[in-house]
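Same chain, two partners: chain A is paired with chain B first, then with chain C.
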Partner chain A sequence: MSNETDPTPASLSALLAETSIRLDLTASNKEDAIRQTGAALLEAGAIDASYTNAMLERERSVSTFVGEGVAIPHGTLSGKDSVINDALVVLRFPDGVDWDGNDVRVCVGIAARGNGHIALLSQLATVLLDPDRAAALRAATTSSLVYELLTPDPEDE
Partner chain B sequence: MATIDGSSIKKLIVACDAGMGSSVMLASTLKKQLAKNGVTVEHSPVASIPSDADLVFTHTGLADRARHTVPDVPVVPFQLFLGDPAVAKIVKAIQNGETFEA
Partner chain C sequence: MSERTVAVASSVGLHARPASLFSQAAAKVGVPVTLTSAAGKTVNAASILGVLSLGIGHGDVVTLAADGDEADTALDALAELLNTDLDKD
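Showing the complex of A and B:
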């Protein structure tokens, strides 16, 4: 495969803007963390304000905790109409957030109508199945490290 | 519950509410694990699971809705999006062409 080491392909930074990677936040509880995730997606121009309610509604039906200290808040099917542009945000809460008994350190917020974010989520799944890389993501203090971890493997489709 | 032949699974659907996040992550993981076994893995909202699926994985909280959408397709509920034991067991059965209960 290619030996080029561009850590941030244009497609990745288009979906996950550097200003949408916020690594030193605190949240008083799960709802607060989801509201902050919604606010970051709103600032990224990804959603209209009603999407945050769809995120909270989704969380009430099924938790978006995916393991390894990571949750991926996103809206419901009906909330898709509130998505303006597909985008992701990464919010890190170094002190942790109680997520129904799970300790969440990183929220990856998702707003998507299309499928452009699938490679990135697939890479996130790969990172979370590798305990060392999952720990690196939980401890990340620079956006360049977040980009490095979430850059899809070129051997994937 | 029925006994299912792992080698008969050709189309596996991971269903969640929006088909936007969690199901995408599990589907991409399963796609890699089952690529050699000729299994097509897709993600879908529970309300639009294709009726030609051979097997559906969905979160416990959505299992009833999934069964309502595709009453004739076995639905396997799971709790954890990554590393769920029920999912791991079936993946292994499909990889080895063994039978499993669902």
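Showing the complex of A and C:
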């Protein structure tokens, strides 16, 4: 169940398993990238298989491109029941993916129950608002650097 | 400086879909608009990353502000958007 008053939401890096960081992928198009993101969430034990369809449905409704070469595919509200455990996955496509004319290098897949995604998106957006951090994430080749970049600087809060 | 203070009506708050629709609308109003959270953090309303970074939930009160001749028209339109549940699937 959601807990809107939880004062200490999980951090991005705490929900990101090392095996869920994949830094050297290719995708033929946006839908392929979303399916790969869904597959990574499925392997992480975060969702059941129907969540990927909810992710594709959301993308048809509105693009999850957020700028800085990053997209955040996630399910629709009706896909919430498919979330088993909150988790994050990071997929990097060094050659880029055409995202309705935008060049996406990193997909951050998010599965969260209740309102957990609000705090997670806030942390992620805060990281990406720093152009140097966003550029470093697009270029990251080690999972340790991804962890470092996704741990928000306390001074930004 | 004109301002509008609004409680966010979207049932899931200002996250991906409502945040996208809102910031796209803010980018089209023709004047720079700022969005300030109840905690006092101010961002460019036309920046989806800025809007997402505020972590605004359902019912949270936010303040829109803009300057200039078009400010009132722009703020009325954006406040109306925030008064609407943008996440009805």
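The working rule: the second predicted complex is superposed on the first by the 130 of 157 C-alpha atoms of A that agree within 3 Å, B and C clash if a C-alpha of one lies under 4 Å from a C-alpha of the other, contacts with A are read in each partner's own complex, and residues count from 1 in each chain.
Methods note: contacts are C-beta pairs under 8 Å (C-beta built on N, C-alpha and C of every residue); 3 or more make two chains touch, one makes a residue touch a chain.
Remember, it's a predicted structure, so these values are computed and weren't measured experimentally.
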Touching partner for A:22 - first (chain B), second (chain C), both, neither: neither
Which of chain B and chain C A:75 touches, first, second, both or neither: first
First (chain B), second (chain C), both or neither touched by A:122: both
First, second, both or neither for A:62, with chain B first and chain C second: both
Contacts of A:35 with chain B and chain C, given as first, second, both or neither: neither
Chain B and chain C contact sites that coincide on chain A, given as residue numbers: 58, 61-62, 64, 66-68, 72, 74, 76-77, 117-118, 121-122, 124-126, 128-129
Chain C - residues contacting chain A, complex: 11-13, 15-17, 20-21, 47-58, 87, 89
List of chain B residues in touch with chain A within their complex: 16-22, 24-26, 28-29, 32, 45, 47, 59, 61-62, 80-83
Residues of chain A defined as touching chain C within the complex: 4, 58, 61-64, 66-68, 72, 74, 76-78, 115, 117-119, 121-122, 124-126, 128-129
Interfacial residue positions of chain A with respect to chain B in the complex: 58, 61-62, 64-68, 72, 74-77, 79-80, 110, 112, 117-118, 121-122, 124-126, 128-129, 156
